[in-house]
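Let me begin by handing over the structure; questions about it come next.
Order as written gives the chain letters A, B, C, D and E; numbering starts at 1 within each chain.
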């Protein structure tokens, strides 16, 4: 295994209709690292994830995944190359059941997910994986419920289960804790910790600072589309610029 | 204690079939700022939008004693409910002046007040709102609510994504507004809350988990951490 | 219960009514033609049975089904009546439906007499199918009579790019080309709405005669474009005169066009035509382009039943080669391919107050416009 | 709970099977439904009408796969029906092939065309997709009408019966065509159900709900959408072929935008997203269409005052109005209405699932 | 040379007609996301209204023409507003259902018109000047094309001015961008929808009367025959963009003219080809916003 970074972005830029949304961001993430991304609302965190995962195309700069330039690859190609992500607002298939949602994800890895001669079965490998993932996030009892009617917290868990089922090597989590009841936050951060321990690289946008700082190896701070700082949690918190831009000067 | 200006009882709201506000009840005093707090996604914005009828809702909402929960949004607003939405929602292809003109519904709009509060906007009245900076857009959004005489103002994260300097400007404008009209304020910046609000209501998972003095809440570190997740 | 086997026709009882199935458009885009045709049919029935509605004491039981201009409905109706054992089907104004019904007639060996549908393809399509009107070839041949001897003359067929238009081009090539004329064509997309460029092309071509084969609502705009681009000032133009509702379509150029005509109310002065015109007038209707097709169809039905009874083959034998007097004059059903050998007319439009009225120029002898035997 | 849903599904298959058996027996039974069918069920006219109804049901099912399952609002589905009908008709006329090889050749052409046009039109979504498919269908319509020497133009194409087996020809053999139409419906139903339940079917449903999410999972939605498009098109073309045999010909109406709209009307009438809704819609529509034409010409209508007579004597007016009423007041069409009657509630499927879950 | 002039000007005339239909479609789609299949019927009804009036007043005078144009607009506006009020409004935000309702309405109304006015084309009379020609560089240009072009320009300017200088226009422009925020400012946006439908209907009604003079007839099929091209124009121009619709109308019509003249009547096939190309290269149309 090389020590080359698993994911890098270089001079990434995006402007829409003249407005600069991402402004020359460079970043490199080592294999197995957990990186937190923080910053005020509208700083461009989600947009950065969108550019990395291919949901949006940058107006400048390069994204490399596992050493390959993926800047012009499609979303699904990047996903197959091992990049998985969740969305800030939960993004599921509301009419399909929880198991079906996860199974769809599991099938991608197993192949044959678009086969017309294979049926989803309650005892196939994909379903077994799906049930296992639901179990991991504590949704086993909701397997047959339509995803659309799950409670908000359960939806977030289901998303993580789907993510795990695709078995990605790099994971982008966009505010996984948003809207999760405080009692569940600890459990969810434990799930995330486990995901990381199993050898995956994790990038996570999160406003729950205490959670982020406890989990991550490094923190990137975004502000007005720029990368303000990227360092260990302690160093970042001590940084004056960060204090001013994100934590806010006292009134 | 005076009559409540806005009473919300057992409010429920759905977005695309998903319940985002769950049996929320609270009362709002006819003076000063009431803060509506909670983490991201707990349903603060949705509560405001439900009050305004912008999303599907059930339950009871009274404005100065009169039920308004069966009325369409524009009627509710015409009764004197001003709204400053979360993401500013200025009309990007309209000029600043047009944005303001659209918002005027009183026969004698408070144009002077606007000119006084936001001199910047008067200068830029012919600029397209879409080309304004975030802070300026926030000014437009606030001005649209303040240009009419309202009985209550619903303000959603007015300082979101603003540089600290502008945060202060916005806070001052709100403070000024609150002298004449009660404000229900959703805000993440606790400094702003501390500066403006007397009362605080905290939501979690779509429900009210705290309703009381803002000072007490923010003074109690453990409570703040538990409810808002911030130290 | 179990199904009785399908009734294959009664025979026997001579005084049982004769079932005739009439399938035509009463609603849909061709409803107006269907109405004129049906009115003519009523008049013809009245005339051919001397007002009794019976043949040799047998009642003619006409059952009308609306095809709404839709081949599906027509075929369903045909199968229905054939299944009920009926032996005679009459009608329809649309060529497409007529060909579909012809197919059913052949498959099931029943007599079919098609309506105003002018497609040449109906002639000779099979032994069970007859027609009651003229065919496109006869129109074109009549147009040819406007230039005298075609030898060395150039004729431009200006037509819509449809089966109807292309059929006219083919017919013109056969009729006039065969006599030494030089036939070219200018085909216009059916849904074109702007005809000025095409009119320009006609002027540029400078033929000795332009034969226009056009149907449908766009004719007004087409004539206007020809007129505006000065076609009438430089080239003689001939075309078929449509039904009364189209007389207004030719616009100010109406009196500059040489019309060929299948039929109009005053085209002939004979007993049959007087009978039809007065019958229709009594009904509050007017004799129109498709009235004779209905009238002739009724005459053919009555003749077939009178001579052939319930036997399809006998009916066919009776019709083949039959010559009779009708509203247009003498008509012969050609035995070989069931073409209707009939006279045609040259007509001009004359101003009549605000509107235009047709006036007979000359009747064209049936022999002069006889189509070649099909197949 | 789980066994219950399975049971109800099994019940549906049993009901469906019973329906097929009953339908298969109709030609040897003597059942009359006055006002609905023109005659007893064994008579050719009635069998012809029923066969048409079954064909429309099949066509609606194929459109259901496109619109209901895959969420693609196409305004050009008629094109594939027409490709089947005209394709087979032209192959039979221009070549010496007998029915089965001609069918095979036509199928190959349809698959190629659907693949090509599908790949093009699927580059856009939503209303734009609807418009492109409409434009392609319109081009097909123009080509058919402009080339009468091959297609017969507006006069339509006659079936060349030379290479058609004897038992499909003539009124007396209408029952064979009826059975053929019934068999086709069964085949189409099985293929549609098969596809919907296959992994690809799930993927396409997921794509309909959230295309971005599907892509983030690493799936290529384009592939499954194209697959659904091609399958739906091929099924439509099969219906077109049988329609050609049943009608002994075809007309340019098959290529018109109106015809696609008709299919859309059927699917909405039956209930979007419901397989058996599409079937019921197809049958109800055909019978209505036929009966309304009869009604329009009836004495009862002719005696009414003009304000009532004029609208009531236009079948399409009644149908259009009915359609509007269904969209306004009967969301979910016939299938939705029956479901609500059955459960006695106005609950949506999702809400109902939640109720079940709570039990 | 004269041929090219003729093709260009008649192309402009045809484009003007397309624009009269497409402008209403585009306006309605832009604000409400409704693709209005019944738009052709608004047009047809306007044409019939104009003809009924001309029949009573005598068709040759200019006064009649102007009166019938006005009547066409009023009828189109009233019917369109009624459609919005009675049918579309009930299906708030359910776009597919809204499209379906307009499909049903199109089917029903065409049948109804056939019942009332019959299926035959009815030929119309107009002031004689309209059917005369004007010579421009040797090309004999029919005068009614100028009327069409003039009307289309007026409609374009009128709609632009309405949107720019009236309060309704302000509401509509804001509503296109963010409908719910307009309501949140205390404005009844539904009223604006009705107005937009009425304007679209008025443009269609006006287009109907003009089309009846251009074609020389009215018939129940009149609107439907123009609708497909109007759809294509709307998509090529970019859904919801008025300026896009104007540009696309001219491009499509001129392409059609030239292809019909020089490429053996393949105009409509070329238009479909153009649509395919535009959608492949620029799926949002010429001036369409990014989805």
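Definition applied: a residue touches a chain if its C-beta (ideal position, glycine included) is under 8 Å from a C-beta of that chain, and two chains touch if they have at least 3 such contacts.
Please read all numbers here as calculations on a predicted model, not as lab measurements.
With steps allowed only between chains in touch, the distance from chain A over to chain C comes to 2. Annotation of chain B and chain D: jointly contacted by A, E, touch as defined at the top.
Taking the mean of C-alpha positions as each chain's centre, the chain lying farthest from the centre of chain A is C. Computed from the mean C-alpha positions, the centre of chain C lies at a distance of 36 Å from the centre of chain D.
Once the centre of each chain is set as its mean CA position, chain A and chain D turn out to be 43 Å apart. Rounded to whole angstrom, the centroid-to-centroid distance between chain B and chain C, based on C-alpha atoms, equals 77 Å.
Residues of chain E in contact with at least two other chains: 114, 268.
Residue positions 17 of chain B each touch two or more of the other chains.
Listed for chain C are residues 27, 161, 189, 191, each touching two or more other chains. The touching residues of chain E, counted against chain B in their complex, run 167, 170-171, 173-174, 177-178, 180-189. By the touch rule above, chain C contacts chain D in their complex via residues 1-4, 6, 26-27, 64, 66, 68, 70-73, 75-77, 79-84, 95-97, 99-100, 103-104, 107-108, 119, 121, 161-164, 166-167, 189-191. Interface residues of chain A facing chain B in the complex, by the touch rule stated above, are 17-18, 40-43, 89, 94, 148-149, 151-153, 155, 175, 177-179, 181-182, 185, 207-211, 224, 244-245, 248-251.
Partner chain D is touched in their complex by these residues of chain E: 29, 35, 87, 90-91, 96-97, 99-101, 103-112, 114-116, 228, 231-232, 235, 239, 268-269, 272, 275-276, 279-280, 283, 291. Chain D contributes residues 73, 120, 123-124, 126-128, 130-132, 134-136, 138-139, 142-143, 257, 261, 264-265, 268, 310-311, 313-317, 319-321, 323-324, 327-328, 331 to its touches with chain E in the complex.
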